[in-house]
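Lettered A, B, C, D, E, F, G and H in written order, each chain numbered from 1.
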Amino acid sequence: MKKEKWLEMFQKIKNGALSPEDALNHIIKEPFEDLGYAKPDHHRALRQGAAEVIYGAGKTPEQIRGITDAIKKSGCETVLITRLAREAADYLSGFYDFKYDAVSRVGIAGPIPKPDGAGYIVVATGGTSDMPVAEEAALTAEALGNEVRRLYDVGVAGIHRLLGSMEILANARAVVAVAGMEGALGSVVGGLVSCPVIGVPTSVGYGASFNGLSALLTMLNSCASGVCVVNIDNGFGGGYLASMINHIK
Amino acid sequence: MKKEKWLEMFQKIKNGALSPEDALNHIIKEPFEDLGYAKPDHHRALRQGAAEVIYGAGKTPEQIRGITDAIKKSGCETVLITRLAREAADYLSGFYDFKYDAVSRVGIAGPIPKPDGAGYIVVATGGTSDMPVAEEAALTAEALGNEVRRLYDVGVAGIHRLLGSMEILANARAVVAVAGMEGALGSVVGGLVSCPVIGVPTSVGYGASFNGLSALLTMLNSCASGVCVVNIDNGFGGGYLASMINHIK
Amino acid sequence: MKKEKWLEMFQKIKNGALSPEDALNHIIKEPFEDLGYAKPDHHRALRQGAAEVIYGAGKTPEQIRGITDAIKKSGCETVLITRLAREAADYLSGFYDFKYDAVSRVGIAGPIPKPDGAGYIVVATGGTSDMPVAEEAALTAEALGNEVRRLYDVGVAGIHRLLGSMEILANARAVVAVAGMEGALGSVVGGLVSCPVIGVPTSVGYGASFNGLSALLTMLNSCASGVCVVNIDNGFGGGYLASMINHIK
Amino acid sequence: MKKEKWLEMFQKIKNGALSPEDALNHIIKEPFEDLGYAKPDHHRALRQGAAEVIYGAGKTPEQIRGITDAIKKSGCETVLITRLAREAADYLSGFYDFKYDAVSRVGIAGPIPKPDGAGYIVVATGGTSDMPVAEEAALTAEALGNEVRRLYDVGVAGIHRLLGSMEILANARAVVAVAGMEGALGSVVGGLVSCPVIGVPTSVGYGASFNGLSALLTMLNSCASGVCVVNIDNGFGGGYLASMINHIK
Amino acid sequence: MKKEKWLEMFQKIKNGALSPEDALNHIIKEPFEDLGYAKPDHHRALRQGAAEVIYGAGKTPEQIRGITDAIKKSGCETVLITRLAREAADYLSGFYDFKYDAVSRVGIAGPIPKPDGAGYIVVATGGTSDMPVAEEAALTAEALGNEVRRLYDVGVAGIHRLLGSMEILANARAVVAVAGMEGALGSVVGGLVSCPVIGVPTSVGYGASFNGLSALLTMLNSCASGVCVVNIDNGFGGGYLASMINHIK
Amino acid sequence: MKKEKWLEMFQKIKNGALSPEDALNHIIKEPFEDLGYAKPDHHRALRQGAAEVIYGAGKTPEQIRGITDAIKKSGCETVLITRLAREAADYLSGFYDFKYDAVSRVGIAGPIPKPDGAGYIVVATGGTSDMPVAEEAALTAEALGNEVRRLYDVGVAGIHRLLGSMEILANARAVVAVAGMEGALGSVVGGLVSCPVIGVPTSVGYGASFNGLSALLTMLNSCASGVCVVNIDNGFGGGYLASMINHIK
Amino acid sequence: MKKEKWLEMFQKIKNGALSPEDALNHIIKEPFEDLGYAKPDHHRALRQGAAEVIYGAGKTPEQIRGITDAIKKSGCETVLITRLAREAADYLSGFYDFKYDAVSRVGIAGPIPKPDGAGYIVVATGGTSDMPVAEEAALTAEALGNEVRRLYDVGVAGIHRLLGSMEILANARAVVAVAGMEGALGSVVGGLVSCPVIGVPTSVGYGASFNGLSALLTMLNSCASGVCVVNIDNGFGGGYLASMINHIK
Amino acid sequence: MKKEKWLEMFQKIKNGALSPEDALNHIIKEPFEDLGYAKPDHHRALRQGAAEVIYGAGKTPEQIRGITDAIKKSGCETVLITRLAREAADYLSGFYDFKYDAVSRVGIAGPIPKPDGAGYIVVATGGTSDMPVAEEAALTAEALGNEVRRLYDVGVAGIHRLLGSMEILANARAVVAVAGMEGALGSVVGGLVSCPVIGVPTSVGYGASFNGLSALLTMLNSCASGVCVVNIDNGFGGGYLASMINHIK
């Protein structure tokens, strides 16, 4: 509960509109739901108009539909579902205005909100094979109300293409740098821009890429300031944090 | 070169003011120096009034003094020096208005700028032994013009103390969560606040903490959204990124 | 042989009822079988009424049936079978009063014994995807004669739900904390309760969770006292140890 | 606050004894302090008569003395200090009735309490070089009010010595198995006794022991039921958990 | 653009054949494509007559055909495609003069160029199971215009066979040493020849070969001078570098 | 060439039966084949009557048949084939007197030779799931002319069964100790016997067994003298070395 | 007790020379000491005339002297002490006929026994820096009654020197191959000889040698049959096992 | 022996100038020394005028002087000594015309040869702290007769400085890219030049750089073709290989 809610409740008690026993019952039944800071559930209370998020992996289509309904009932129009299997997407599209991106396995139930961030977010990738993770980041950011500019396949082995996009990079409010293999994209971008750079290592590669470990270590050791890292293949995490930064007022 | 510069050059060629050969010579000799986006050196162009940064490790006191002088000459009043040995600090304090924090081995030459960020930054630690890294983060943020609130020793093994500081956390613009051993602080804070959380794993611990690896993996795997990570013991990186976020306009 | 047995044998030798040669033969043929401490087989001698355990992985349905019959013949009514494939379960249910839990792949032949422990055991999980391991722990504990209370999906990224269950936690005799990804649940619970906490890291997660390594290291490095750890995904081990503690007299 | 406290507060509001504003103030100022479960600090509330614990590493002698005084003032007679340097011990012995064990670097200020556990604890080691960790476990258990029996140098490479102590092992309430190198002691003991076995891997060894990793993995993979593990070299953790189990009523 | 192209453009401007605005337009539209050093895309500008390369993994047959067409249109007769699935090869062979090696999954569209290097390249393997990687190296080198001599199955466990090929080795211009398991081939060859040796560790092996890690470390630690290493299973990288060295003038 | 062969050649030269040029030709054409120590191929020259060995993995049934024929032609009656798929075994059994063990995937073409070693070899396993690797060791040893005694499922979690077989162990000439999970069997056996113990770690286990790494490290760190280790799951290597030791004269 | 001892005891009981109670007392007091197979202590019962062994690391000079005296009193003339600090050696040389090798830190109290093995042992090293470990192996073997031939600095980067020693290698009864860095010596020697090869990886090297891990993995993955491995830097283990093999009758 | 030598020997036999027995004796005594391909020792036969190399670590000043004398006597004027301690350098400078570089710990006895390679070598570093390794590479190359151009501190976090040196890079015959931390320099340079790039990862960095592992993996996973890698901190290896390539004719 926000402060006002507490005060309101106390005044109802004072006025006799609420008995102490009923008040107790109320805070016992939903012990933390109303404390004002705690979130009603896993999903953070987001800005008006933005999407709530469901992690789709390991949930049945029916479970996902149940949670989606609950979220929609609570007044949130758009629900973002990550790691969603095509079968589940097919099922869900029978119930909602539904979009599904097979590459990133992201589904969106409801309208994509109009961008309301302060600027735009760049999602850049080292190679084309990093696209599934990059799209998870980009669609997450879009579903959370951000304008996203995609710079795909601008890896450091062909640095001129990255440099050719300097203007777009220079004006971004946050850059999500998605790269596997040697993962140097994060460092190079971090050295070029002056906004926060969120590195998303991917498991793309073979041999000594060790399923993303190489890219992860590269990004963690970046000599450039202003670079941080999320988990391997965690496109959602990158897009979410970029959106947070883009909505700082 | 900016567009105007190119156009200007082409017109000089047209007018005969510049021969094609001299034009060629020009772009060969300084191919990238004038592209308009590249930064003059390692150090990012920072806001007016904020500090420039020197990484002190592996530099002689004289070298550090040389760089400091150059920075000051370029008009920057405050210079932040990280990983600075006490001996070097003693030497430098003979030349500047100098502060040295022996715990974090951070030195500051010149005045600490008045905070000019949008809000304040919280630096939180799991235990008292994480303090050296936390102070590096806090002093970095202060030298870059931020108000910093310290919440030390609020690790998850005594969760009530962390919860007791909810109000300070809830209103922060960014939280730097510094923790070694199991490193769970990042996740727990990430679940409580709605601003970006920057995890700084520390090498504090023994046995299977493997010099910070345990805390690093914990933070990377955080279930909470909005959490990102920098390198082990990289207090500077955490403070720098938090400052970036706090100065977003 | 127990002391009495040795004495008895020596007296028989003295009396001439046993020749020295036959005595020698006896201790050569079964050197350790009668020493009084060794267990007749892999399976520990358990309390009356509790189940014996079979590790089902890599055994044929027929082999499992054979062992089950042998155990039942020896007077133990209930047999717990872990890592049991559905096909084997289908086969076995033709021979016994049989329960099978498809989520945890645990089968139980015979009645579940009435709880006879001193208190109850809490099995808590960080997320819903940790359920297969958690159920293995919970069903193991139940088959060994314990009352189990399940607290699922109380991970630290939504700490208020965990705190909302404080009363249940505070009165437990042992807590089995099952968590993958960052695995911080063990530490947080360890800081809240005063009974032993058994951490079971799970292989749930992706990227830098490295198949449970991240959760394992987190739990081993717990700053909270009274926390110990079993192998990744070893729900059986967690439930077994909790039962041991709950049956200490 | 406990339920009664909430009800009492609500009734005061109803009665006018407490204004809604003051009630609000109250729950804002100390949001968690009165919830009834949270511990006043890091240190668990222990049984009457047992010691409180200070982790000595990284603390100055003066800081340790300060904390010791505070604990003693709060009514606890005995203070256990782990990882205590000899110099700090010398300093402290000027102020308290002080014992110091140089091998395990454990200090105890005040009397060692009389054992009040249900049985005794066995601390066993694989080799003589595991003694520092084993003594940390043993002294911790003693300071927490337990009778401890030491079985040192009974490693599996000379299994007969372990078997020669079967009677002591068989009657223990908990066994702390301390071993480095191959760390097989935990498994072997786990197969012999029917009480909980707490494995403490040590960093003793060279080459592919990788500072305790080998022993840690061995213990985690124990085929014996009822075995759990704490961090490498964490003798304190082993002794603490054993004491917990020995004081279960 | 090569120097001549720049000069030509400048002269057109001077002559009025090109307006400054059109010149600007030209370099803006393709900002880096013509700088003379940067590559028009991923694929390095190679010598006349040699093949361009496509990394086939993760691309659809149609995409590969599209890129192949583009390369051919740009005047390059031969296109090398690595990690190519048989299905894609079948599809492509309908459009080009196409060769496909099922062992190494290498496809070549167009004629294999006549060798034009200074000498020949040896591709050696430790065992027959390293052949897929070795063939990728050999075919790459051939497609890039090199004579290749294959020395397969000359691993160090039968050193005499390697020694029996000394004459071929001694006269090579570069040796690509392909080996899994213990990977000692690189060191032994490096000790025998005086040309550069490029080690290609393979993921062949089991157990503690850890998918090529063992061979990789062996090669990196080679005591022989003149040995370098590329990624695990990276036959293409080995063949490419060897070709580079064989074409040094 | 053996010494005698060299001498013979030199004498032929002296006698004029061989011209110096032909002699040169001879040693150039087959430079190492006749040096007397080098092996004609991968397969060591074995004792009369014992089997030659083929590593079956990654070879086609036809290739295996070809090699088998060549070996038989060279006068060796028995051929041992490891890692042999059932299909290949079915094919081969059409051509030879063939035995196939589906558990260990070992095939034997020709008669199993009569044991001619000095004593017998014990192959012991920790659990029943280590049997495939153990049988590879046992069958290898048998095909190489050894008497083998199997002690299966005598893991250290039930130490009495191992001790119950002391007499068999005590008289062995070599012990192959096959164990996964915690792999303590090697150490315990090493402490009980006075012959060489060859540890074969297996990839049996889950979680922190890390595919045999845990057992490997345990065995390498064995405190018992006389214990050595071969690769994970390398039953052949264990059986081969044991045979070597058993045939030392 | 040996069989004869048991029989003797039983007969004494029969004859009345020993009461059943005294017999019981006897076997309770020293339960395992006389079982005939168990060793009186850590140190295996060795052949007549050979040395007993003390692991010197972590023991005081006085402790080592005490153990040495005890061993000598039990009738063993020669005592081998490994990992012995120079100071301890100086102290011990005041009491015994003492030799100390500073390179390997091996001390020997008493005469070195005359070789009584069946053949000789070769100790080979890859480089001169592997000598400390190699000497530990060689001196161990000598103290246990073996003739040792040293082949130092015959690493695979200069394979001809190894081949130049073929005759010595070919006639050895066991080879101890000591090598750091890439550790290929084990494989190459294993491919050349037909006796057991014991690989001793050393921690010699830098960078990606990872303190011996590289050499360890190389040796474990050896393609040559008849190669086994002991712990990193475990020269003692290598020499001990070689001696065992050289004394097989 | 070269072919001519063999022929000569055979003719002597024919002529009776050499008895068959003496011929046999000759090839037994020095079996490989004269085969014509094998190197007389560790050190490769180098081009006239270039230096021989001694690895100084772990050798006494006297030993180094001895080897240096031997090399000089064999006609080589210049001796390069790597990993040389200052004390040893001081000692050696008393005997030779000696240069010592304290940063890289490289010593050179005798004159530095005039460059005789086909072109020049670039040694580039990511940061100033990579200089010790870079200087080892540069001085090695110079001592082997190469012109070296140094591009220090051109790491990817300030990419414009690297690009500003394009002309130097573009005309190099080989580039040695020395970098620690994230090690992206190798990839970026590899994407810019068309000569071989030799990556030398350094152990510079902290935290998750894991002593050079991060840079090593980055370089191994480079997306750019023509990039290879040597061991961590192996400046000598990088310089040596670059010299080899620069001297290819």
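Criterion: a residue touches a chain if its C-beta (ideal position, glycine included) is under 8 Å from a C-beta of that chain, and two chains touch if they have at least 3 such contacts.
Nothing here was measured: the structure is a model prediction, and the numbers come from that model.
Novice: Go through the assembly and pull out the chains touching subunit A as well as subunit E.
Specialist: Of all the chains present, those in contact with both subunit A and subunit E are B, H.
Novice: Please report the minimal path length, in steps, between subunit D and subunit E on the chain touch graph.
Specialist: Shortest path length, in steps: 2.
Novice: Roughly how far is subunit B from subunit C, centre to centre by C-alpha average, rounded to an integer in Å?
Specialist: Computed value for the inter-centroid distance: 49 Å.
Novice: Suppose each chain is reduced to the average of its Cα coordinates; what separation in Å results between subunit C and subunit D?
Specialist: For subunit C versus subunit D, the centre distance works out to 24 Å.
Novice: Could you list the positions in subunit B whose residues touch two or more of the other chains?
Specialist: Residues 28, 31, 35, 38-39, 157-159, 163, 166, 191-192, 207-209, 213, 216, 220-222, 231-232 of subunit B each touch two or more of the other chains.
Novice: Among the chains present, which pairs are found to touch?
Specialist: Chain pairs that touch: A-B, A-C, A-D, A-E, A-H, B-C, B-D, B-E, B-H, C-D, C-F, C-G, D-F, D-G, E-F, E-G, E-H, F-G, F-H, G-H.
Novice: Taking the touch rule as given, give the residues of subunit A at its contact with subunit C in the complex, in rising order.
Specialist: Checking each residue of subunit A against subunit C gives 31-32, 35, 38-39, 41-42, 57-59, 201, 203, 212-213, 216, 231-234.
Novice: What does subunit A use to touch subunit H in their complex?
Specialist: 126-127, 155-159, 163, 181-184, 187-188, 190-192, 205, 207-210, 213-215, 217-224
Novice: Hey, which residues of subunit F end up touching subunit G in the complex?
Specialist: Residues of subunit F touching subunit G: 37-39, 44-45, 53, 118, 166, 170, 173, 191-192, 194-196, 198, 216, 220-222, 225-232, 236-237, 240-241, 244-245, 248-249.
Novice: Per the contact definition, I'd like the list of subunit F residues that touch subunit H in the complex.
Specialist: 3, 6-7, 10-11, 13-14, 16, 19-21, 23-24, 27-28
Novice: For the complex, give me every residue of subunit H touching subunit B.
Specialist: Those in contact with subunit B are residues 128-129, 157-161, 163-164, 166-167, 206-209.
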